[in-house]
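Please find the structures below.
First subunit A sits with subunit B, and in the next complex the same chain sits with subunit C.
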Partner chain A sequence: MKSHKVRQLTAASIAVLVAGLSLAGCSSGPTSAGSSGASGNTITLWTHNAGNPAELAADQKIVTAFNASQSKYKVNVQAFPQASYNQSVVAAAAAGKLPCVLDIDGPTVPDWAWAKYLAPLDLGSSIANQLPSTVGKWNNKVYAVGYYDVALAMFARKSVLKDADIRIPTVTNPWTGTEFNAALAALKKTGKWAAPLDLGTSGTGEWWTYAYSPMLQSFGGDLINRTDYQSADGALNGPAAVNWATWMRGLVTQGIIAQKSGADANADLINNKTAIEYSGSWAAAPLSKALGSDLAVIPAVNFGAGPKIGGGSWEWGMTNSCGNKAAATAYLKFSLQPQYQTGVAVAAGTIPADQSPASLKLDPSYAPGGTNEIFAQMSSKFAELRPPTPAYPFISTTFTTAAQNILAGADPKSTLDQAVQSINANIKTNNGYK
Partner chain B sequence: MLLSQTTRAATGAPLPPRRRRRIILSGSRGESLTGLGMAAPALILLALFILVPAILAFVLAFTNAQLISPNPIQFTGLTNFIQLFHDPVFYRSLLNTLYFAAVVVPVQAGAALVMAVLVNTKTRGTSFFRTIYFLPVVTSMVVVSMLWLFMYQQHGLINQVIHQLSFGLVTGPDWLNNPATSMPAIILMSVWQGVGFHMIIWLSGLQTIAPDLYEAASLDGVTSWQRFRYVTWPGLRNTRALVLVTITIQALSLFTQVSVMTQGGPLYSTTTMVYEAVQTGYQQQQTSYASAISLVFFALVLIVAAVQRFLTREKA
Partner chain C sequence: MATTTTTSARAQSTAVGKRPRAPRHFLATVAKTVLALVFVLPIIFMFISSLKPDSQIFADLGSLKAFLPVGHISFANYTDVFSRVPILQFLMNSVGISAVTVILGLLVNSLAAFALSRMRIRGKRIILTLIIATLIVPFETLALPLVWWVNQLPWLQINGFDLTFTHGWLDTYRVQIIPFIANAFSVYLFHQYFDSIPKELDEAARMDGAGWFTIYRKILMPLSGPAIATVAILTFLPAWNSYLWPIMVIQSENLRPVMVGVEYFYQLNVAWGQIMAYTSMITLPILVLFIAFQRSFVNSIASTGVKG
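Showing the complex of A and B:
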């Protein structure tokens, strides 16, 4: 009697398990065949902004306005935390469950376009006024477009620079490499700071490539040869790149930067623990609040090949598997109207991608004469896109490791040679990412 | 199998008599079917989350699979392994992993044993100390790593203590940014975090030793060292095997501390095989290359475990 019951229970539980497994198998079947992210005229939109309420609210506002503006299409927003966003997208792509519209970090656009996650966009004149660095292109096709950009810059106290007899540079007349080195030496000589310059070396992840590859480019090197994106030889390990690496390591040995900087760069500058902070436009608001008119915004240094900053922030695109591309295109076009896309830039405290007068009226601080105009100028004049190639994620991690090793004292030439070798091998493994 | 046997022996539960086992084997078919049914949920989950990924890693290691790629997967034979064995970073990670294990296994096992002997007395307050020693174990490794990251800074807590204790004569190094001290710093922290767990296992082993053995020994007038050497140590034989195997496997899979504190640097001084596998597999999207690293890691763990099993076997 007892064993009979047990057997029944076993049979029942196995049946339930098998049913559950086969059901799970079925449900993933049809969607991987073709379209996803849309059911009829209702499409799904993914964003990385779950941890950023101000920007998410601005995105939500566009969606609400779009849904109200017409009765045909409807957009549903799903927000993810940034830390797990890319993994979520890759997992969704593998399962054939991508949404219709999603946002993408600028340098990742070519990789996802190559992997056929993204579909080319036909936005016509909607993007005529965008800053070039906010349009994500690959193989001469537009795959994504951003509502805003950010700009790298250095910050210091005007009084500190004046005391050390250092010229405050401008966008039209930035510091040269020689001038910058002399300024750093003068600040170090005062003995007031353990390390006068804070380059943000405690940062992790994409920061290293975003922040230091523009310096490499200003020295005359680059992450990869941009003619065909097939090899990094000569660009990343040529004489210019070695000069850059030697200079970076020299900053550590001369005690001008810390090999690992403090956890809070803004606080260090405000508390006068550092003299110059290398950061970006996002730091301008808290710093000017603390330092007021004493704050000097220092544009990128010209090390020979012109001043450079990284370009491209989060951008919006449409997936290849989207079941209703007309709806997705209609939404993206709608969102690019100045009042909407610039609304996001204002909420995020970033440079509006749309540089038309109608757009700048919404955030006068970036318009000519405004307090933040300098960032918009740098974005349009100095911004160099991180190499638009699907190899970028690999190049970026390889460059980061190489730069960290160089700062820790590794031989510049052989470290860069090794990095070039890895990058070229990776490009070859992937058949040139064509 | 290995673990369950030693756990049972270590905790002193009696092994089931041989007689019963034979009955189950020759018993009615229905009963063994029931047993299988009972085990089915666990077996299916085990197959789905352990067996299938392991087989996948074996297969992927011989292909050119990428995390993100529009190209179909192709078999490439031994290409990944040839690349791996020409990679200086791989050898560095292998050496670091072995270095970490070679130091952590004896130090952590030894310290845990000393602590277990110390708290295995019948005096007041021992449970207080047991709890204190066990506290780091129940704290997440990520949290512990973050805290020690601050303590290890150039002007952090540890260097302040060194400075004060030496009356200002000694200035501590920049622990995690110096290739010479980064690995020892991680070792010290890891031992501190893990030692409480193995103390508990040693303790359970100590408590299975029959008290009459100690009584007999004290009647014979042994010194405390002799008591440890000839009564306690032989009584811990099974526990020893368990502690050895668990610490070794835990040490070989070093990852969390490195990922949080040093990201493998400076100058590859703290990179490990598991860290390299995760780094290449996810950040660099080279699924197949990461699978090859995992496969080599699997072989390493297998060899080490087999050697340990051989050395701690029951001699007939």
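Showing the complex of A and C:
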């Protein structure tokens, strides 16, 4: 009798559950299928700046100004921590819950455009004055635009270089590879530092490709053949690339760099645990504060094919699923006014993407004669975009693994051959990412 | 004489037997101390570093100073944390999410285990095997499909007298709780413990007219204290440390748990002192909880045979 009752109860529960699920399937949720990020004329904006109060406040300032400038559209900001931002976006894309406007790390733009996360932008003349490295393109269409860029550079104490009789290079007359190697040998010879150069080898993620692929390019190699982006053969495993890899490994075996550097390169330079730090323009402010006028900013080294630095930082785009593309486009156009985008660049301590006189007036430190002019010069003269192909995330992780293995002692040629094989196979598997 | 000889021999043998025990005891103490230091030193380092500026943390790294409150000591990192991260909100979220997950987890998993242990269900061995088999699937492989799935799930919204069905659980508290209530390991643990309780107790209760739920509530659960404590700990810790899942399903800052907050400090110039201050603050409640219930934790883990 009791078991009969239990069975009845179970059957009734299942019926209620099924009815509930069916009803839910019929009802319309907060977003309709295929579109997201907008509720009428209110759109959502995502940024990677949670935990970065200065830049978040500058972004919020643009949103507040936009909301106040008209009564038709409204933008709401949601901020995410940078380190896990991409996972949040990919998960939201899988669930069909992307916002309307979001910021994207520059080299990821082609991949997200190819995956149809992003929609092409029609911003007209709003981007006429942007640094080329701040415009995210794929298949000749603009998908994103950034308010700023950053520049790789090395930092040292002028006094240390002077004591070792090392010339302080300039943008117009950077170190050659031979000069750089001689400088490193001279510093090592003093015996003051276990490893005089901090290349940031403890860095993780995108840092390895951002930091070391420009050196590879300066040696004459590259991550992929840029004619059609279909193969890395010859570019990543040719003689120039092997020379680069052999040189990198040599830095470890000669004790010039640590296979794994300290966790905080700035602190190590300030505490005189290293003589030269390889970092970027973002390190200039804290180092300048600590070292004052003794700080030397050293531009990228010319290893033969010209000095190179990575180009492209965080950029803004509109999602393909955006439920109100007119609102998203209106916001993006509004945000590109010099006072707003340069305001963000100032808050982030980065190079303003808008190089118009009006913009440089707002941040004279990057104008001619300014303290940060060197970074703007490097960005416009030496910046090489990471390959604008949807294959880039795979290329980047493959390159990182190869470079880490080479530093650990793997044979340069066979390691690079293996990397090329993996990259080519990935491109083929994805039908050339067309 | 013989007695004297025997006594003396016994004394000698005891003395001889004791002699190697002293160094063995000493070695064991040394080993335990080293082991304890391995676990305690990182925590001391975290608390001490939270009081130092970044440059000093790294300057002290090579010496014992790293574990001592010397140099420029201040609470500046703590005040900076409060201005950078809504830590109180995150703490409250984590406490709520962990507590509800533990309470519902205890109820659901013990009921499932009770059914599998005590009720006559055809194929219950296969059901238990299937439940245990799910343990070999790592969460990371399920995460993305699970995001899609929870976004399709319905929910009954109650606004006064108005009932509406919505779909999609993303960006809610429930998406951080409900998927983690049912837990294969907890079911297994309860099942093993219930199996060790004599079935005669159930039969005696049934003779007195008790139903299944009364047996569960009044006989088995009161006798399962160690299993309850172990399951509570094993459910609480992952809920408190939850990181990947909230990153994927939570978009609003006011719903985030504490572990996601650590990411706020990893910018281009990492603020190590602030990270240490933040992690000190989120570790403290767990540490206090553990110290307060230390004895029952150790007892429960010892009696259920769960290690590591």
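As a convention for this text, the second predicted complex is superposed on the first by the 401 of 434 C-alpha atoms of A that agree within 3 Å, B and C clash if a C-alpha of one lies under 4 Å from a C-alpha of the other, contacts with A are read in each partner's own complex, and residues count from 1 in each chain.
In this section, a contact is a pair of C-beta atoms (placed from the backbone, for glycine too) under 8 Å apart; a residue touches a chain by one contact, two chains touch by 3 or more.
Bear in mind that the values here come from a model prediction, so they are computed numbers and not experimental data.
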{"item": "Partner chain(s) touched by A:S88 [first = subunit B, second = subunit C, both, neither]", "value": "second"}
{"item": "Partner chain in contact with A:A50 - subunit B first, subunit C second, else both or neither", "value": "second"}
{"item": "Which of subunit B and subunit C A:L291 touches, first, second, both or neither", "value": "neither"}
{"item": "Touched partner set for A:Q78, first subunit B, second subunit C, both or neither", "value": "second"}
{"item": "Which superposed partner A:D264 touches (first subunit B, second subunit C, both, neither)", "value": "second"}
{"item": "Which superposed partner A:A182 touches (first subunit B, second subunit C, both, neither)", "value": "neither"}
{"item": "Shared contact residues on subunit A - subunit B and subunit C", "value": "21, 87, 90"}
{"item": "Residues of subunit A defined as touching subunit C within the complex", "value": "2, 20-21, 23-25, 27, 29-31, 46, 50-53, 78-84, 87-88, 90-92, 94-97, 262-264, 266-268, 270-271, 273, 280, 282-283, 286, 290"}
{"item": "Parts of subunit C lying in touch with subunit A, wherever the complex brings them together", "value": "54-55, 57-59, 83-85, 143-144, 147-148, 151, 153-156, 164-168, 170, 211, 244, 247-249, 251-253, 260-261, 263-270, 272"}
{"item": "Touch list for subunit B against partner subunit A, complex", "value": "30-31, 33-34, 37-38, 40-41, 44, 64, 66-71, 83, 88, 174, 176-177, 179, 263-268, 279, 282-286"}
{"item": "Complex contacts: residues of subunit A adjacent to subunit B", "value": "3, 6-7, 10-11, 13-14, 17, 21, 87, 90, 93, 111-112, 114-117, 204, 259-260, 393-394, 397-398, 401, 404-405, 408-410, 418, 425-426, 429-431"}
